[in-house]
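Note that the chains are named A, B, C, D, E and F in the order they appear, and that numbering of residues resets to 1 at the start of each chain.
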Amino acid sequence: MVDASDELRVLFSESSPSVEGSRINVPGVYYGQGVNIDKSAKIGPNAVILGHDENGNQAAVIEEEAEIGANATILSGVTVGVRARVAPGSVVTRSVPPLAIVEGNPAKIIGYVETYSSEDPTININQVDSIPLGFRQTRVRDVTVHHFNKVPDLRGSLSVGEFEREIPFVPKRYFLVYDVPTAEVRGEHAHFQCGQFLIAVKGSVSVVVDDGDLRDEILLDRPQMGVYLPPMTWGVQYNYSTDAVLLVFASEFYDSDDYIRDYSKFLELVKRAA
Amino acid sequence: MVDASDELRVLFSESSPSVEGSRINVPGVYYGQGVNIDKSAKIGPNAVILGHDENGNQAAVIEEEAEIGANATILSGVTVGVRARVAPGSVVTRSVPPLAIVEGNPAKIIGYVETYSSEDPTININQVDSIPLGFRQTRVRDVTVHHFNKVPDLRGSLSVGEFEREIPFVPKRYFLVYDVPTAEVRGEHAHFQCGQFLIAVKGSVSVVVDDGDLRDEILLDRPQMGVYLPPMTWGVQYNYSTDAVLLVFASEFYDSDDYIRDYSKFLELVKRAA
Amino acid sequence: MVDASDELRVLFSESSPSVEGSRINVPGVYYGQGVNIDKSAKIGPNAVILGHDENGNQAAVIEEEAEIGANATILSGVTVGVRARVAPGSVVTRSVPPLAIVEGNPAKIIGYVETYSSEDPTININQVDSIPLGFRQTRVRDVTVHHFNKVPDLRGSLSVGEFEREIPFVPKRYFLVYDVPTAEVRGEHAHFQCGQFLIAVKGSVSVVVDDGDLRDEILLDRPQMGVYLPPMTWGVQYNYSTDAVLLVFASEFYDSDDYIRDYSKFLELVKRAA
Amino acid sequence: MVDASDELRVLFSESSPSVEGSRINVPGVYYGQGVNIDKSAKIGPNAVILGHDENGNQAAVIEEEAEIGANATILSGVTVGVRARVAPGSVVTRSVPPLAIVEGNPAKIIGYVETYSSEDPTININQVDSIPLGFRQTRVRDVTVHHFNKVPDLRGSLSVGEFEREIPFVPKRYFLVYDVPTAEVRGEHAHFQCGQFLIAVKGSVSVVVDDGDLRDEILLDRPQMGVYLPPMTWGVQYNYSTDAVLLVFASEFYDSDDYIRDYSKFLELVKRAA
Amino acid sequence: MVDASDELRVLFSESSPSVEGSRINVPGVYYGQGVNIDKSAKIGPNAVILGHDENGNQAAVIEEEAEIGANATILSGVTVGVRARVAPGSVVTRSVPPLAIVEGNPAKIIGYVETYSSEDPTININQVDSIPLGFRQTRVRDVTVHHFNKVPDLRGSLSVGEFEREIPFVPKRYFLVYDVPTAEVRGEHAHFQCGQFLIAVKGSVSVVVDDGDLRDEILLDRPQMGVYLPPMTWGVQYNYSTDAVLLVFASEFYDSDDYIRDYSKFLELVKRAA
Amino acid sequence: MVDASDELRVLFSESSPSVEGSRINVPGVYYGQGVNIDKSAKIGPNAVILGHDENGNQAAVIEEEAEIGANATILSGVTVGVRARVAPGSVVTRSVPPLAIVEGNPAKIIGYVETYSSEDPTININQVDSIPLGFRQTRVRDVTVHHFNKVPDLRGSLSVGEFEREIPFVPKRYFLVYDVPTAEVRGEHAHFQCGQFLIAVKGSVSVVVDDGDLRDEILLDRPQMGVYLPPMTWGVQYNYSTDAVLLVFASEFYDSDDYIRDYSKFLELVKRAA
C-alpha cells in the first residue's frame, strides 16, 4: 500500500453517521454522501469514494482493513471487502471480495493477500515430469492436492480417479462450471457439511483455499490434478481461462442451509470451533 | 452519474470568462486555462479538465447537460457533447458526441443516453427464428426496421430486397462503409431531404436513431435486416465489429447542403417544424 | 457401393487358400499375396488390396459383407471389418472397425452403417430450446439420453447432476478422455457388468450404441447432456472435436475381465442371452 | 491432358447403346454400366468412370470434348460438362460445369478453359495504386469493369457509387450472396432482359463472364470495384473466400422466365441472334 | 504536455529535502514521503507521486525535464527518466526510460520525444517497391539504414548481406533477441567501441537512435533491411511485434566495460568529445 | 514397398528404347511414351507413370533403385531420384530428390531413406533441459551440432554466439531464408570451399547432412542451436515450419563455381577424394 503513515488512516466525523472515529486529513480524498468506511481501512491520497447515485446505487462501503490506493476511484454500489486491496489509479466498478487484490481500469482481481501459490520451490506441484501420484497436504487444514494417473496414447489421453480410494468420498452430486468470463470470481463460500473435489478438466482455474487462518492458491491446469476442500473451508475460484471447465464432485446433495456465504461469519465460526 | 447533489454543480471564477452562472465548490476539480463549461453541465469531484496546451490543442469544452464523472481526466482539444456522460475515472482523449456514454482509459463509447435497444421483451427483433418478414415501427418517428427473405441452401445464403416494394424509395446512390475501427463513431448527422436505408451486410453495427424527441438503438447483425431513416432523423453508427461492412442506400445524390451536422441545430430545426 | 452386378462380386482361386469360391474378372483390381477376402465382400474396379509386405505387416483382410469402393487402396496390415464400407478413391491406412464407413485420403470414419442419428424429426434431442429435463429411451435396449439442468448467469454457466437420482448408479470411478485426434475412434467394446455414463464436458463427441440388434448415434455436444450405457451395450466414440473432453462415470472399479472387445463375440453373447 | 496420341481417344462399341464409334484400348480404364461418353471426349489411362449405382444415381456422363485425366475417378451421378477438364488423380464427386477445370481429392474447380484473367499485363485492373476511376471494357461483349471512389480516413473507409451515372441502370432489386462454401459455384446462367452489377463488398469472388464467343475472368476483391453483366451474358461466380459477401444490383424484378440455365441452349441463342 | 504555464511548475516545501528550487502551487498534486523531483520537471494538476512503501519500494524519482500529466499516478519504485513524458490520467507501474512517452493504465511506451520517424515524405524508407539497395544516412551522426537484396522465388525468399562490403565491419559476435513482450524496451545503452548492426529477421521492431543531439526512429519490419549503430550511439528498441526476432551483429566480443548505461552520462561524454 | 516378389521388378523391352531388360507383367501399370525407368527400380501395381505431354513436359524418369508404390501417379516432367521412395496412393506432381520419401496427394517429402534423426536415445540433442553447451559430432564427417547460451529474462530471451571461438570461421556473408512453403526443399547441394553455419532463428527446419557415406537429419528448432557444414558436405533443408527463418553464415563470398548441384557427381567426387 501506498503509505503506512498516520495521515493515510481514515477516520470520520460524527456528521458522517455511518462512520465512527476522528478524522485525519488524507490529502485530496473525496468521500461521497453516505459512504461507509471502516475505521481500520486505509485510503491513499486523491482517492475518490462515491456516495449513492441517481440510479439507486448505494454509497460505496470499505470494510475492515481494506486498502484503497492513491488516486483510485471507487464507484457507487461497490463494496470493497475485508482486507482487500485496490491498487493506485484503479477504477473499481464492482465489488471486491474479501482479501482480493485488484488493479486496472476497470479493476480486475490479480491475486489474494497473504495467499501463497503452491509453486514455491519446496512444494512445487507444477513441475510436469516429477509429480508423484497420490496427494500432498497444503498449508491449509485438511486441504489436499491430488495427482491422478494419466495414460496418454496415440488415440488420446486418459485420466482416471477412483472414489473412496483416491478421492476421499463417494459423490452424491457433480457439477460443471464453464463459460466463465475471465474477470469473474466464483465460489466465495464455505460449507458446514459438504466436502468438494475440484478438477479443471479443460483450461485452467486458480483456486484459493482458506481455513480462516492460512490461505493457499492452487493453479488447476491439467485434467489429472484435483484439490479436495473438506467442510469448513472457504473457497474461491478465479482466473478462469477462456476455455476452462471446472468439474466438482460434492459429497452431499444440494442443501442451501449448508452454505456459509459471509466471510466474516466464516471467520467467527472457525474461531468458535477452535 | 456520480451525484445530483448541489455540491457537484460547477462554479467558476470570474477569471474564467466563458462560463456563466453561480459557483459551487466541487472538491478537488481542476479547470485549465480557457476551458468552456456550460453552466448546466455537472462535474464530479477530483475531475481534471485541461486547458489549451503547448501543441496547439484548444481548451476542453463541456457542453449543455454533459456529466463528467469523479476523477475523470478530460484532455486538451476534447469537446464533451450535449448530454454526454463520462464515467468516473475515465481518461477522455478525443471528443465525445452528443448523448454518448464513455468509459475507460482511453475512454470509449459504450452507449447512448435514454436510448432504448429494440431488444426489449415486447418488440424483440433479434430472436432469429420468429421474426416475421416485413417491417415494424420503432419508437422514433417513421423509422422502420425491415426483415427480408433469407434463402439458405447448400451453396450459400441469399438475401433479397426490392426497391419501392420493400425499401421505401428508389436509390440514386449506394455507399459502403468498412474497415471502421471498433472505437469509431460514424454518421452523427441528419438530412433535410435524403432518406437512407442501412444494412450490415457483414458483421454488426449499432445504429442510434433520434427524431429529436425519442431515441432507439438497433443492432444490425445479419444481412437480411435493414433500418430506414427518413429525412430529419439524427443517426449515429457505432460498435462496428471488426469485420463489419455497412451498405447504405440513399434516395438522393450527394449534396453537402443537405447535411445537418450539429445536434443542437438539429434539435432547433425539429422544434421549429413541430 | 459402386455396383451390385455380378462381375463386382469377388471370388478367388484355390491357390489362395484363405479364399473360397469361383473367380470373376474385376477389371484392374490387384490382390496382394495372402490377402484374405471373405466371399461375401464386394470389391470395386481398380481397387488395390495389398498383401504382406517387407516390413512384416500382414496381408490385408476384408471381412464379411465389407465393401471396397472403386480405385480405393487398402494397405498391408489393414483389416476392413464386418459390413464396413470404404468409399471410392479412398486410401485406407489403418483398420476399419465393423460397420464403419470411411472415405478420403487418408480415409477417415464418417459414419456407421444402419446407425440412426438421434437427430431424426420425431426424436430430436438436439433442439436446444425445447429439450425437457429428464431422460428418454433410444432405439437401443436400455440406453437412455439424459438432459440436466443448466443454470447460466453472468458469472458463467453451471450444470448439475445427481447420482442415483438422475444418473442410474453411484460411481466407483470416473475417467476423462481428452486430446483425442479427430480421426480416432475410442471405446469399441462392451462390458459384462459395468454401467457407464458419458458427458462431453467440452466440445463434442459422437457416441454409437449397439445392443447387437439396433444401433443409435448420439451427438454429445453440451455439458448438460449425457448418455447411459448399461452392461452388454457395444459402444463406440468418434468424431471428437479438437477441444473435446469426455467425462465418464463407471459403476464399477476397473476389471480387465469385464471387457468384451471383439464385436463378433459380442454378437454371439447377445444371441446366446436372448 | 496426359497424352494426345490416338490410343487415348475413346470410342465405344454399339453394344454400349448410348455410345457411338469404335473402341481403342485405353489401358486399365473402367467404364461402368450405362456410362455415356461422347466420342470426342478423351479419357486417360487407369481412369474409373462409374455407372448407375444401387442408390439410384445415374451413370456418369462425359460430354463433348471433355478430358478425364489419368487415374481419375468419376463417381455415379456426375456429369463432366462440355470441354471441362479433370486433372490426373482427381476424385470427382459432383458435376463439373462446362469449361471448368477441376483437380484434387475431392476435386475442386481451379479455373475455366480459355478464360483469361484480367490480370494479364496489358489490361491489369488489379494493381491497387494505379487504377483509374471509371470503367473499362473487357474482352466480352459489353461487360465492363468499374472502379469507384474510395475515401479512406481514420474513421474507416467509404466507397460510393451512383446509379445511372456510374452504374448503367436504376436497380429494381438487390441481393446479397454470402456463407458460400469455397468449393461452390454460383450463377451459371444468363438473362434475357435483366442486367446485373456485382460487387464483392467483403472478401473476394472470381467472376467468369462469357458472351458465347469469348470469356474473361475478373477477380472482385475490393469494395470499390464492380462488374456489369448486360443481358445475354453467361455468368459464373466461384472461388468465394470464406468471408465473401457479394452484392448484386438487378435492373429488373425477379422473373423466372428470364433465366437461361443451360449453357448449350445459351450458345444456340447467341448464334441465332448473330 | 498539459500546460506550460507557471502554475504547473512544481514547488516543494522545505520538508521535502531532495528538491531544490522555487515552489509554485500546482493544485491537487500529492507528493509522497521522500519523492525526488528535479526542479526542471513539470507536474500536472491532481497528479499523485508516491513515496516509499511498505514493500520496500523506493520513493518515485522524476528526473530532469520530465513531464507528468494531469491526474497521472506514479507508483512507488518508479523512476521517470530525463525528458520523459507521462500522458494525463496514466498509471505508471514501472520506470520510464529517458525521452520515452507513456500512456494508459498500466502505462506503456508509445513513442520517444523529438524522435522523427524515417517515414517522412522526403526520406521514405518504407515504401516497399521503390527502395534502392545500398544505404542512406539518417539525421543521427553516422547511423545508416541499409537495404539488401531480396531474392524471392517459388521456393521461398532469400536475403543476403556481405560483411565489410555492405555491412561496415566483420562481426566478432552475433546475438538474437526474441520472445520479447510487446511492452518491453531493450537496448537503452551506448557503446564506447563496439559497432552494431540490427536486422529484424522476423516481425518488426522500432529502433530509436540518438547521438546526444538528434534522434531518429527506424521501423525495422523486413529481413532485407538493417540499421548500423556506430560506437557512441544511444540505442533503444521497443514495440517488438509478438513474433519479432532481432538479429544483431557486433564488431567486438562482449566487454562489460564498453557499455554506457546511463543516459545522462552518455550526454556528458558526447559533450566532452565535441 | 508393397511387395518384394519378382513380379514387381520392372524390366522393359527394347521397343522402349530408353529402357533395358525384359518385361514382367505388373498388373494395371501404365507406362507413358518415353518414360525412362531404370531396371533396378521397383514399380507397384496400378501405378501410373506419365510420358511426355502436350504441354512440352518430358516423360517421367524413375532413377536407380527408386520405388514407386501401388496406385501412385507420377506426372509428366517428374524425376523420381536415386533410391527415392513414393508411398502407395501418392500423386507425385514434382520431382522427388534422391533418397527422399514422399507421400500424399499431392505428395510431400516426409523423410530421407537411411537418414537417422539425431533424436535417437544415445545422442538426444533435443531434450531441452539437459543439452550441454558447446558442440558434438554427428555421424557425418566433420558436421557438428552446436548449442549456444540462452539468456532468458522478463524482457525477452537472448541467444549469443561468437565467431572463431564457437563458430568455426569468420563469416564473409550471411543470408536469411524465409517464407518457404512447407512442401519446399532447399539446399540440395554441396560446396567445394565454403563452410556454412545454419541457425533456425524462428520456427523449425529439418537439415539433412550427407558426406557421401552416411547421413544424419538434424531438427533445428530453437535459436540457440546451430549446425556446421564443412566443405564437401551435401546438405538439404526441408519441413520448414510456416514461420521459419533460417539464418546462414557463410565462410566465403558468393562464387557460383563453388557449388556441386548434382548428387551423383557429388558421390563421385567424394569417392575420388577417398
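The working rule: a residue touches a chain if its C-beta (ideal position, glycine included) is under 8 Å from a C-beta of that chain, and two chains touch if they have at least 3 such contacts.
Composition by chain, UniProt nomenclature: A, B, C, D, E, F = TDP-4-oxo-6-deoxy-alpha-D-glucose-3, 4-oxoisomerase.
This structure is a prediction, so every number in the text was calculated from the model and none was measured.
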Quiz prompt | Most widely separated chain from chain A, with each centre as the mean of CA atoms | solution = D
Self-check item: Interface composition of copies chain D and chain F: same or different, split at half
Solution: different
Exercise. For E-F, find its twin among A-B, A-E or A-C: the pair where over half of the contact pairs carry the same residue numbers.
Key: A-C
Exercise. Please flag the chain sitting at the greatest distance from chain B, going by CA centroids.
Key: F
Quiz item: Since chain A and chain B share one sequence, what rotation angle in degrees maps the C-alpha trace of one onto the other, as a multiple of 5?
Solution: 120
Exercise. State, to the nearest whole Å, the distance from the C-alpha centre of chain B to the C-alpha centre of chain D.
Key: 45
Quiz item: chain C to chain D: how many Å between their CA centres?
Solution: 40
Exercise. Two or more other chains in contact with one residue: find those residues in chain B.
Key: 28, 46, 71, 91, 105
Quiz item: Which two-chain combinations touch?
Solution: A-B, A-C, A-E, B-D, B-E, C-D, C-F, D-F, E-F
Quiz item: In the complex of these two chains, what residues of chain F are touching chain D?
Solution: 28, 30, 32-33, 46, 48, 50-51, 53-54, 71, 73, 75-76, 91, 105
Practice problem: Could you pull out which chain B residues touch chain D in their complex? | Solution: 152, 154-165, 170-181, 184-186, 199, 201-202, 223-224, 240, 243, 245, 247, 249, 253-254
Quiz item: Residues of chain D touching chain F in their complex?
Solution: 1-5, 27-28, 45-46, 70-71, 88-89, 104-105
